[in-house]
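Which chain is which? They are A, B and C, in the order written, and residues in each are numbered from 1.
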Amino acid sequence: MEIVLETKSLTKKFKNITAVDNLDLVVYKGEVFGFLGPNGAGKSTTIRMLTSLIYPDQGEIYLFNKKLTANSKSILRKVGAIVESPDFYLYLTAFKNLEFLSQLYGINPTRKQIMEILDFVGLSNRWNSKVKTFSHGMKQRLGIAQALLHDPDLIILDEPTTGLDPQGMKEIRELVISLSKEKGKTVFISSHLLYEVELIANRMIIINRGKKVVEGYVKELLNEEKATYNFRLSNIERAKNILISLNFELNHDFEVNGNEMLISTKRISASQLNKIFVENGIEVFEFYRKRTLEEYFLEITRGQK
Amino acid sequence: MKKFALVLFAFICFAFAQDKNANRIIEKIKANYDIINDYSVEIKGKVDFPDAVIPELKAKIFFKKPDKFKVESDNFMIIPRQSIKFYPDILNEKDYSSLILGEVEIDNLKHFIIKLISNNPEVEEVVTIWVNSENFTIRKMNLIGSRIGKVEIEFFYKFFDGKYWLPEKMTATFEASKILFPRMRRFDKNQKENSGQVQEGKILIQYYNYQVNRGLEDKIFEKKK
Amino acid sequence: MILKMISFELYKIFKKWRTYIGFLALSIFIPILIYGVSEGGNHYQRILDRNMGDQFLIVGNLVNGWYVAFITIQAMIIHIPFFITLVAGDLFAGEGSAGTYRMLITRPIRRETIVVAKYIAGFIYALVFIVFFGLISTFPAIYFLGTGDLIVPLEKIIVIPSNEIYWRFLLAYFSSFISMCLVVSLAALFSSLVNNAIGPIVGTMAVIVIFLILGELPFELFEKISPYLFTKYMTVWIDSFDYPVDFSRILKSYAVLIGHGILFFAITLLNFRKKDILI
C-alpha cells in the first residue's frame, strides 16, 4: 500500500513539557485514519507539525515520500487542512474567503467551482454572507470547503466535530465518509471521541502524553477487546457459583455489585450466559453489553490496561 | 536774579528761533510731498533678518493723499511704513515740537539734524531726521522708542519728471529682537535660547517706474472682502 | 504569488474599520483647522502685526493655504504615526487574534513571502495615507485661503517663495512617507511577536513618544544619545522647508530611517521563519 504520511521519532517539546514523544505513525493512501487521544495528548501539536505551523525538535515527517521540512511548499499544495477550529477572515464573505484562500494555492477557481464546493458542504445559500454571521457548525463546514478547494490528496482534520450539536456532528461525519468513499481522498482525522472514529475510520492510532499507545485497524482493535456484560439477576450467589463452576475467576472474570454482575468474557456470548442463568432458575431482569470502545480507549489513556 | 532772568530770556529766544527755523525746514519738506497727490511704484525688497531667510520681494505700492495706501504682492515681506510715505508720521500731527540739533555733511552736502517730539504724552517715540539743505528731502530718519527699539532709515533720491524728489532706494536698520515672530515648536531639535544680544535687521527697498499724479481712484484702496 | 499576497493583504487592510479611523480623523480635523484659521481672523497674522509695532508692515498673504498645510503637518507629527500603527500593528497580530495564521501558513506559501507581502501592504497603506493627508491638507486649504509665499516659523524664520513651494511639499510628503515606512516596520515587528494588536500599537507609540522625549531633554546625557534615536530622523520632512535645502542631511536621515526599517524587517523575518504558530 502506498504511504501518504509517515512520521519517524517525531518529538516536540515546549520548555519542560514533551508534547509529542518519539511518535511513529503511518497513513496509507485512501484510508480514513483516526488520530485519537484525550485532550492534551499531543494531537494538535502533531497536526501543527504535519502542516508546518510548528517545527519538530526531533524526528522527520514524510508526506508523499518527501521530507516536509525541505519540501513544504510543494507538499502543502497536496494537503488540505483544518487545524483546530477553522478561523476565517470574519469581515469577508464565505465566497471571498474561499476565493482568497484558494488563490494562495496558486489556483484561480471559477465562481462555479467555488459554488460547487459551497454546495458540497451545504453553504451555497450563504455564499455572500460575512463569516462573522456564521454559526460554529457553518464555520466547520466552510473549513472543510477550504480544505477541499484545491482538490488535495490528503485532508487533515483536527477535531472537526468539536463544539457541534449532534446533528452537526453527524453531518461532518457523513461529509468525511463521502470524502473517502466518493472522492477517494486520504483523510487524517483527529478526535478525542472514540465512537466518532469508530464510525468513520479504517485505521487508528491512540496517543497519550505524546506517546503512541496503540495503532491498528479499528476492527482488529475492537476484536482484541473482551466483551463485558452487565447482568441484573434475581439470585447473585447462585449465579456466582455457576460462573465459578464454569472456570470464571471472581474479581478477574467477573465482579459482583449488589444484585448486578459484571462479566468479562471472550469464550461465551451474552445470549449463552443468559440461557445458562435461566436454565439454572435465575431470573434475568436485564443484561447489556457494558464494554465499548470508548471504555477501552479511556482505560488505555488512563494507563490502566 | 536779573542775571538769571536774562539767561532765561536768551534761552527762550534761542529756542523760539530754533523752533521757527525748524518749522521753516519742515514746511519745505512738506512742500516737496504736497505736490504729490498720488503715486504708484514697483519695488524690489530684500530683508536681512537674523535667523530668517526671506526671499526678494516684488510688489507694487499705491499711495494717495492723505494716507491711503496699498501694497500689492503675492510675496511675503516686512517693510517700514516710511517706505511708502517717505517721511515720519509725526509730521502729520499738529502738536509736536521740533528742534534743530545741528548740521552735518553727508555725501558732501550740508544736512540739518532735527529732533521731532510729539506733545501727546502717549506717543513715546522720538524721531530725528537729517534734512538735505538744498532740496529739503529727508536723507535719514532715526526712530527711537521702547517698543520699536531703534530704527534707522536712509533714503537715496532721484529727481523725477523735473518736479518730484522721490527715493529710488531705501535702507532700514532695526533691532531684530523687537520684531517677534511667533514660532512653532520643533520636535527634533532643542530650541536655542535667545542670547540677549541685540541683533540688527536690515531692509533694502529699490523703487522703479514711478507714476506720479495719475489720479488713482479710491476703489484701488478698497480692501477685498 | 507575491503580488496575489500583497493584493490579498491590501484587501484585508481596506476591509477593516480601523483602517479608516485615520482617514476619518483627518477628514474631521483638517476642515476644522482650515475653518479655525479662516474664521479666526488670521490669528498668526494678527500676532505678527502686533509684534511688528507701528513702524513695519507685513506684505503678502501670510496665512494662506500653504501655511495651513504646513502647520497641519507640524500638528499631526504624533497623530499620523498613531494612525499608521493602528493598521501596521494589526498586520501580523490580527492573524493571530483571528486565528487565521493557521489558514495562511498551511497554504503552500513561504513564510518569507507572507512577511514581505505584509510589509509591502503596510508601506502601500502608509503611502495611501500620506497621499490622502497631502491632498486633504493642501487642496481645501488653498481653495479657501489662497496661495502665496510660505512662512516657516521654526527656529529660523524662512519664507519660501511660491514658485518653490510645490516641490518642497512633495519632498516633505515623500519624507513623511519614508518616516511612516519606519513606523510600519517597527509596528509590524512588534505585531509579529504577539497575537493581539493592542500591544504593538501601544508599544510602537510608546517607543516613538519616549524617544522623542528623550531626544528633547536638555541634559548632556540625552543630548549625547539623541543622534542615535531614530525618532530624531523622523522629522526629516521639516528639512524640506529649510533654506537652502540640505539634501545631504535629508539623505542621511533617509539612510538612518531605511536602515532601521531594514533592521526591523530582518528581525521580523528571522523571527517569523521559525515562529511556532500555537494559536
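We take it that a residue touches a chain if its C-beta (ideal position, glycine included) is under 8 Å from a C-beta of that chain, and two chains touch if they have at least 3 such contacts.
Keep in mind it's a predicted model, so treat the numbers as computed, not measured.
The chain pair sharing the most C-beta contacts is B-C. Central chain (C-alpha centroid nearest the global protein C-alpha centroid): C.
Per-chain CA centroids place chain B at a distance of 48 Å from chain C.
The mean-CA centres of chain A and chain B are about 99 angstrom from one another, to the nearest whole unit.
Chain geometry summary: the mean Cα position of chain A and that of chain C are 52 Å apart. Shown for chain B are the residues in touch with two or more other chains, of which there are none. Residue ranges of chain A in contact with chain C, taken from their complex: 48, 51-55, 72-77, 79, 81, 83-92, 100-101, 103-106, 146.
Note for the complex: chain C touches chain A at residues 1, 4-5, 8, 11-12, 15-16, 98-110, 274, 276-278.
On the side of chain B, the complex with chain C involves touching residues 49, 51-55, 57, 59, 71, 73-82, 84, 89, 143, 145, 147-148, 151, 174, 178-184, 186-192. Of all the residues in chain C, the ones that touch chain B in their complex are 44, 47-48, 51-62, 71, 74, 77, 147-149, 151, 153-162, 212, 215-216, 218, 223, 231-235, 238, 243.
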